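Here it is, the structure, as structure tokens.
Going in written order, the chains are labelled A, B, C, D, E and F, and every chain counts its residues from 1.
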Amino acid sequence: MTDLTHFDSEGHSRMVNVGHKPVTERTATAEGFVTAHPETITRMAGGGTAKGNVLEVARLAGIMAAKKTADLIPLCHPLGLDSVEIEFSFTSPDELRIVATASLTAKTGVEMEALTAVSIAALTVYDMCKSIDKAMTIGPIRLLSKTGGKSGSWSAPS
Amino acid sequence: MTDLTHFDSEGHSRMVNVGHKPVTERTATAEGFVTAHPETITRMAGGGTAKGNVLEVARLAGIMAAKKTADLIPLCHPLGLDSVEIEFSFTSPDELRIVATASLTAKTGVEMEALTAVSIAALTVYDMCKSIDKAMTIGPIRLLSKTGGKSGSWSAPS
Amino acid sequence: MTDLTHFDSEGHSRMVNVGHKPVTERTATAEGFVTAHPETITRMAGGGTAKGNVLEVARLAGIMAAKKTADLIPLCHPLGLDSVEIEFSFTSPDELRIVATASLTAKTGVEMEALTAVSIAALTVYDMCKSIDKAMTIGPIRLLSKTGGKSGSWSAPS
Amino acid sequence: MTDLTHFDSEGHSRMVNVGHKPVTERTATAEGFVTAHPETITRMAGGGTAKGNVLEVARLAGIMAAKKTADLIPLCHPLGLDSVEIEFSFTSPDELRIVATASLTAKTGVEMEALTAVSIAALTVYDMCKSIDKAMTIGPIRLLSKTGGKSGSWSAPS
Amino acid sequence: MTDLTHFDSEGHSRMVNVGHKPVTERTATAEGFVTAHPETITRMAGGGTAKGNVLEVARLAGIMAAKKTADLIPLCHPLGLDSVEIEFSFTSPDELRIVATASLTAKTGVEMEALTAVSIAALTVYDMCKSIDKAMTIGPIRLLSKTGGKSGSWSAPS
Amino acid sequence: MTDLTHFDSEGHSRMVNVGHKPVTERTATAEGFVTAHPETITRMAGGGTAKGNVLEVARLAGIMAAKKTADLIPLCHPLGLDSVEIEFSFTSPDELRIVATASLTAKTGVEMEALTAVSIAALTVYDMCKSIDKAMTIGPIRLLSKTGGKSGSWSAPS
């Protein structure tokens, strides 16, 4: 079976040595969904004009979480970040879509940063709305695409 | 429309005042799933004997993340924690189930701690296995149940 | 000269022992100002309708920073928080006022949490607007009032 | 009205993309003041010989806070730092001046790091002395100068 | 063989449930040593008068680290702290002794907080002096005593 | 007496300016020991098959702590990391040896990262086993070797 890079030949966890990898431009885009009662979705969507902007709080939480990725994911390399952007859209009457894009010029990729941004943005939406709708669900969350690095570009199968 | 507790009457975000809420025992249980290629699932399941234990790394990441919840979710109250436990099971050849339970004796609930533990454990599984399977998806993540507090017990609709 | 409580009799810094202090309700309110070019102030004030809400970003930054106070101020006790609220008002054509109130039921006060919330909210306003106005100044920042604890209530001299 | 770089064309907050900016040497210097009762200032000034060195605690707090800037200011890029220095002087019988200089070789500037160092150093002075003087005020805090980057050198108007 | 409390009956790591443990006063004292070249020790000892106070920097680092214990030690409960004190003494011409005492009124003990304070203070001494003496060694570090909790008082064998 | 680089000519602490130092490949290796009752050591050594893997928890704690070094050691520069690895071996019936190696391509060395990884791994071993053996001792911890940088290679005297 294929070995996982985060373990050495004896199965011990490690932070993989990226010392000899070239510095390249890298981007990653991830998406996630929050499924909620249509009234909850309506409440989120009214952010710009109504009492309190759920999505702007979630956006900031996601951006700030991207900066904490290496603190959260045990074997992630600590990275700088060139950019993080998070967009929200309403894809059905009971569904919010979250898309995060992160970029960096470095030796390792930013997939985990984009996925972490989406996940914490979704959890923040849950936190902001749980007083009216505890049955919300989060997911699916997945990587949509990445560019840069030795393995080059990758896109999720559609 | 119902107002969200995290905003005041003018729509400004705030950390809700829980000063006069009673201190009670509280628990919360959340679940989440990681869908992956069956070979990836086999690799995860072999943790005890094969080269490296993906799930034990994810379990620790989830427990440690539960302790960071108030740092990640902007309007969460900073809380102690009495316990955090995370269990994994394989619910189909291509699916890992993650269940986290957190408990606390305090003025506010631990729903976000349980959901955060599940989310970061799932992201860590993704990170550990992404070198062999980038197409994994995370979710649905949801609250299964909570006890304690003014609103009492709640269970997810089945 | 009066000794400072954060040093022992030999002048060594310490986290003061509060083990025998009673747990009481405590609140603290702090204020701060940002002085800026009137056009910058106009830009901040237009947050609800124009392109991007500077004050809502600053509000969240201040609330989140209050939770990090013990991590920032070396000899502060780590505390929970019952509430944090931050309000903004425009007190002259070139001046933004920031008021933060924090509360807690504990052995020590929340003055530093309120002051930290104001300070980081002000720094965030600076960061958000510095591309158009680097000459903004922050201050004066001061404690307005506190309640609870052995020393009881205190209000800033007017 | 000029757009703020931290928002996109729809007014959504973002971490600005600096991926294509050149890496240059950058420095920033910020200043701030703490106004206190003359006896409190005398107590601070006696640090080298008397019981406990307020300013050395504040200096370390400021340096450590500079390293946390991206964790505190929501849309700041995570940065390394080449140096941070903080100097104190007594500019009148009731006034302490704090000057922080930070430098870095990177794609974005270190203004926020210098301002954060000054702010947290000032808050720490407040915390260390608040048992004898709660009426201290902090400010004005401002950027004195910066060098490097596309916009080049900037100095505060005198 | 005795089971370790941090693992469940299947060997999975967990944060032990302390929900039903009584809240009691607890203290812990730990010690550690740094062995260095006598000239390095002389340099440390001259802190009060010479150029820079190594021990005061180390003391603050140790106190601040005690507050981060639950962030560093994966299965530690997040705790408040009632006090932390660190004392230094020179026990031979080539040896610095560090003693840290932490206290708390809670459901779990503060042994790890005291040990973490000693360890990080020692590492900071190393960092401050490594430009003149890289061969310093740290240790032995051990728990000297604890009080409070179900297991009551314990003292290290002499 | 030689001046310490972490202080300026007036004895004020500072983060040393490394702006003009060249970026080079750097590695550091540190070691540490935990002395415990032979039954405790037997319990640690059984990790792969028995109930719970103490060393794998400690390994992750050490790796994650290496990433927090600049947050723990006041005057350390914030650094990325190219790799961190931690190995354990049993060097006598009552002794565990911990060796950590960190590497980086940067302006400053990674000695403190390697030493911090060893220290926190050792503290985690203590935490995991303290329910059966409070008398464990940690140390000696020391730097074994470093490469890169102006001062070049260094090895501990044997």
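Everything below uses one rule, namely that a residue touches a chain if its C-beta (ideal position, glycine included) is under 8 Å from a C-beta of that chain, and two chains touch if they have at least 3 such contacts.
Protein names from UniProt, one per chain: A, B, C, D, E, F = Cyclic pyranopterin monophosphate synthase.
Keep in mind that what you see is a predicted model, and the values were worked out from it rather than measured.
Identification of common neighbours of subunit A and subunit B yields C, F. Copies subunit A and subunit D of the same sequence differ by a rotation of 120 degrees once their CA atoms are superposed, given in steps of 5.
Both copies, subunit A and subunit F, contribute mostly unmatched positions to the interface they share, with under half of the numbers common to the two.
By number of C-beta pairs in contact, D-F leads over the other of A-C and D-F.
Note: centroid distance subunit B to subunit C, computed from Cα atoms, is 31 Å. Separating the centre of subunit E from that of subunit F, both taken as means of CA atoms, is a distance of 16 Å. Residue numbers of subunit D whose C-beta contacts span two or more other chains: 12-13, 53, 56-57, 60, 64, 68, 71, 74-75, 79-80. Going by the touch rule set out above, the chain pairs that meet are A-B, A-C, A-D, A-F, B-C, B-E, B-F, C-D, C-E, D-E, D-F, E-F. Interface residues of subunit B facing subunit C in the complex, by the touch rule stated above, are 8, 12-19, 70-71, 74-75, 77-80, 107.
Only residues 53, 56-57, 60, 64 of subunit E touch subunit D when the two sit together in their complex. Listing the residues of subunit B that touch subunit E in their complex gives 25, 56, 59-60, 63-64, 66-68, 79-87, 103-105. Those residues of subunit C that touch subunit D in the complex are listed here as 1-7, 9-13, 32-33, 35, 39, 42-43, 46, 50-54, 57, 60-61, 64-65, 68, 71-76, 111-112, 115-116, 119-120, 122-124, 126-132, 134-143, 146, 154, 156-157.
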